[in-house]
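Two complexes, one shared chain (chain A), two partners (chain B, chain C).
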Partner chain A sequence: MSDILVRIDGKEVEASQGMTVLEAAQSAGISIPTLCHHEKLEPFGGCRLCIVEVQVGDWMKRVVSCVYPVEKNLIVRTRSEMIDKIRKMILELQLAHAPDSPELLDLAQEYGADKDRFDKEASFCIHCGLCVRYCDEVKKKNAVGFVDRGIRKEISFIPEIAAKECWNCKECFPLCPTEALQAAFVLTKSLTSPPLSHEPSSEE
Partner chain B sequence: MDNDRVDQIIDKYQGEASSLIQILLGIQTENHWLPKEALERVSEKLQVPLARIQHIATFYKAFSLVPKGRHEIHICVGTACHVRGATRVLDTVRDLTGIKPGETDLDLKFSLETVNCLGCCALGPVMEVDGKTHGKIAPGKTADVLKNFE
Partner chain C sequence: MPRINSPSELEKLRQGILSDRDPEKPCITLCSGSACHATGSGDVAASIETEIEKQGLSAELDLRKTGCHGFCERGPIIVNHPEESCYFQIKPEDIPEIVSQAVKEKGIVERLLYTDLNTDEKIINESEIPFYKNQKRLVLGSNGSIDPKSIDDYLAIGGYSALEKALSQMTPEQVLEEVKKSNLRGRGGGGFPAGRKWEESRNAPGDIKYVIVNADEGDPGAYMDRSLLEGNPHSVLEGLMIGAYAIGSHEGYIYVRQEYPLAVENLTIALKLAEEYGFLGKNILGSNFNFNIIVHKGAGAFVCGESSALMTALEGRAGEPRPKYIHTAVKGVWDNPSVLNNVETWANVPLIINKGADWFTKIGTEKSKGTKIFSLVGKITNTGLVEVPMGITLRDIIFEIGGGIPGDKKFKAVQTGGPSGGCIPENLLDLEVGFDELSKAGSMMGSGGMIVMDEDTCMVDVARYFIDFLTDESCGKCVPCREGLRQMLKVLTNITEGKGNEGDIKLLEELSEVAKEASLCALGTSAPNPFLSTVRYFRNEYEAHIKEKRCPALSCKELITYHVDPDKCQACMICARKCPADAVDGDKKKIHIIDQEKCTKCGTCFEVCPSRFGAVNKISGESVPPPIAEEKRIITRKSKEK
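== the complex of A and B ==
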């Protein structure tokens, strides 16, 4: 497939068909903030933090770069007053859920987001889906999944699978931008340990 | 609900993973709720991870992961029904059944839910029992409807 030329923040970038704007930017060393993106996983488009402005001809729109495919003559702006404002708002909303997340706090500083802007609703999880998707797509264990929806959506381990698989893996822990994942796992562990206290580390 | 019956429902859809929601609906309709064993069976037969089934089963309100009564009462509290006195209908039904919306009585006879529109506002206030619509229902008439259920 022939290369596609796009312009990101004034820089000519060569991309190939099927690449996302985020990938093209990253290949040129241009950084776009992300929370739900992981190179090993399918694009998800959940956190919306990677929002950018794209322009084809006279037509400008805002898209999330981690799912938006490159196209010919695309002009991308990764920062603008509006984009920064949107990112600030997203961060402030997420910080209401996970006020102590170091990753969010770093970003908040960059975008001038006030972590106390909204009333705290400490659910800790920001629904980035990294843990759920990693366990599914990479590890193929599906030990953890989402339950419920909307404001009640949360992650939940399947105790039987977690008891068998998670002790030795825990690869999702460092992916989590908040502490929610670990907390959920500790909870599951405490619930499953009475009957399954023989840690089946040798079984696998 | 035993595994054989679950298997029959699965077979009706040729064990296709793409029919997952239909299969869950089939179990829900017959059994009034989705027991964990049934979900495990579905997961195993369709080769769909339990985590995904759990997500779907908790996502849609049509599914229940806790036992439901044999008869489901839906009372519309949408705007049209509300102004026509749905609150009084609801209060009466709560008194009659002894349960609040979202609950099921101990005999597993009734489950009560409120809904926001049943699509027949002209008939308001509306109470639906097991899918049958009772329109323009007066609070005092609800007992007559409910006494027909075992």
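== the complex of A and C ==
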């Protein structure tokens, strides 16, 4: 495995072929904020919070570190005025939906994001896709998926699959940075109560 | 039809087709593209057939149903050969005369000819009509002369000679070099040099490589790709085959919107014929080159036209953009090198191979070569598809080809590049059309949409309209696009409704910056353009909406009021009768007053008030004059009653 030397925030970091910039940074203890990343899952690149500046030769570009692969002599800056500005805005946009998410609130503090900048549309879900992808890629059940697109996009449990699979799993619950997931599940359960009701309803 | 196995067999076949055809034999060509079909070219075709039968002319007169001629607004279109006399807006009842004139030497149906708007002169030939005269129809031109369902028609105009040349006289490297030298840039979006993309794929590791036609054409109002596929499908196939040969690909895909049934039909026929003739399959023209093409019907959203989304859709998954920093030319469909080009890009390839890169680079500007097809719509006299040389000015397109703005209105802006393009104002009308020129002006070439706007168009509302479209079409995967556009739409809607705040422009600029910098795909990174370009050139309109609650174009409903000028009102009752909200109070001889509480601002009164009175005003940003006193409302006419 060929070692690749990259420089992240001035620090020399040894990385190996196939690693992403995020992984390289994490291995060197440099933290980059993420919302949609999970080490067991394929990079999704949806939240854009992990955006960084990379320089290859004279050419600087902004890329999301959870997807961008390391390459020789790459110079990475994980913070800059622009990066902070982008992260602040992303957090403010997300806080309109999940104003009480502790994860978002912590990050908001760090980046000076105003949680009340945009009118609240408390749908709770911030579309990180962790539950959807975990259920697909790790559990291979596809019990929860996205429906519709754009601003109407929502997570939704598929009742037929959820009725069979979810009771003994629920591994996605702790992944959710908000309370949306559990809410969606409870809703599905209530809508499909006949087929689900043979299970003890200890949740409520 | 036996398979053609060599270049010489192809030439023999071509000579055979040509010698069977008499160029002097009268032939009626009828546009049968989707647009003309919608205006009745199917019925016209049927009457031509009946009439030929009736007049006993089947031996002397041919009928050819062709693809789109571009001047769709005036369809159905007929061109009679060899005179090339052309007729517009043909109805079945015109046919007996057209048919009987068609077989006469220099026979013309005078009354159906095109009349020049300025000189009132009748024009016989298509090429003399202003709409066509200033075009350079290299790619679209053959549409009018061939039946897209006939491969012999395509062969008769030299079809597949570029493929033959590439396979028999050129190495793949030479083909690639020629395309690189031509500096052909992508016609579907970003204007990326096709040759560079091909080279990247050719050099990428892997035995399986794909070439793909992007025929998703999601821009509302754009239909150049549809017209090409419907009218001249073989030219796209031939381009794809040549590209495949250059890249080392043996499998091609055509990703075409399901909503294009005629394009799919003509493509399917073309593919079948090309296979029968031996232009597809194994050992094409005896060259050892093997190639096949699969048509993939897409039913996806606008974003499915984006390259990574399209490739995901080809793999049979939901067409969403993928976050990748490796070019699809290196890792595309199923991670194999995949070259995706637009329909029009591919259709240029046979021309370049046949006539050479040196010929091609003589057309256009320094960095944008060849021609571009635009779909010209909006507040313009001649709408339709126009193909122009790069470097032509916007002014020439709009005023020479398009015939200017109808109804004595003033030009305000032209929106180019599709929904995420931008608006270009009047003082830039002399801008030369090219990829970089349009980008520098804050717009883009995109796939060639061109919407002309007149003085009645509110530029804030235009921005709102396009951001609304894009918000709807965002796939929702990434935050800067999904959430950023959601907020931008809210702010823009507020501004057009008179609820704008100080600071809104700055907020929109910040949201734009983040969407541009941080979105995952080009939908998000280009989505702010409608706002950015309008605020760049029409900032005063934004400010008027926000600060004065005034819409300078008198277009935003919430910011205008209709008012009857008591000095002009003749108490004719027309508006009072037509008002659907019953908001006009008045009587015969009693000056009308609009009840602002009831008024829904539909504008009916404004439209129906006789122009010689012109008594209804639109007011914005100022208070409505109080209604006149009841006693002053009675008109005593100086009567002229006979």
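Annotations
Please note the rule applied: the second predicted complex is superposed on the first by the 196 of 204 C-alpha atoms of A that agree within 3 Å, B and C clash if a C-alpha of one lies under 4 Å from a C-alpha of the other, contacts with A are read in each partner's own complex, and residues count from 1 in each chain.
Just so it is clear, a contact is a pair of C-beta atoms (placed from the backbone, for glycine too) under 8 Å apart; a residue touches a chain by one contact, two chains touch by 3 or more.
Not measured: the values here are computed from a predicted model.
In the superposition on chain A, the chain among chain B and chain C reaching more residues of chain A is C. In the superposition on chain A, contact of A:P33 is made with neither chain B nor chain C. Applying the stated contact rule after C-alpha superposition, one finds that A:R149 touches each of chain B and chain C. In the superposition on chain A, contact of A:D136 is made with chain B only, not with chain C. In the superposition on chain A, A:P177 makes contact with neither chain B nor chain C. In the superposition on chain A, no contact is made by A:P99 with either chain B or chain C. In the superposed pair of complexes, A:V67 makes contact with chain C only, with no contact to chain B.
Once the two complexes are overlaid on chain A, the chain A residues touched by chain B in the first and by chain C in the second are 146, 148-149.
Chain B contributes residues 49-52, 54-55, 58-59 to its touches with chain A in the complex. The touching residues of chain A, counted against chain B in their complex, run 132, 135-136, 142-149, 156, 158, 161. Across the interface of their complex, chain A is touched by residues 301, 303, 323-326, 471-480, 482-487, 490, 510-511, 513-514, 517-520 of chain C.
The residues of chain A lying in touch with chain C in their complex are 43-49, 51, 62-64, 67-69, 82, 85-86, 89-90, 93-94, 96-97, 118-119, 126-127, 129, 146, 148-153.
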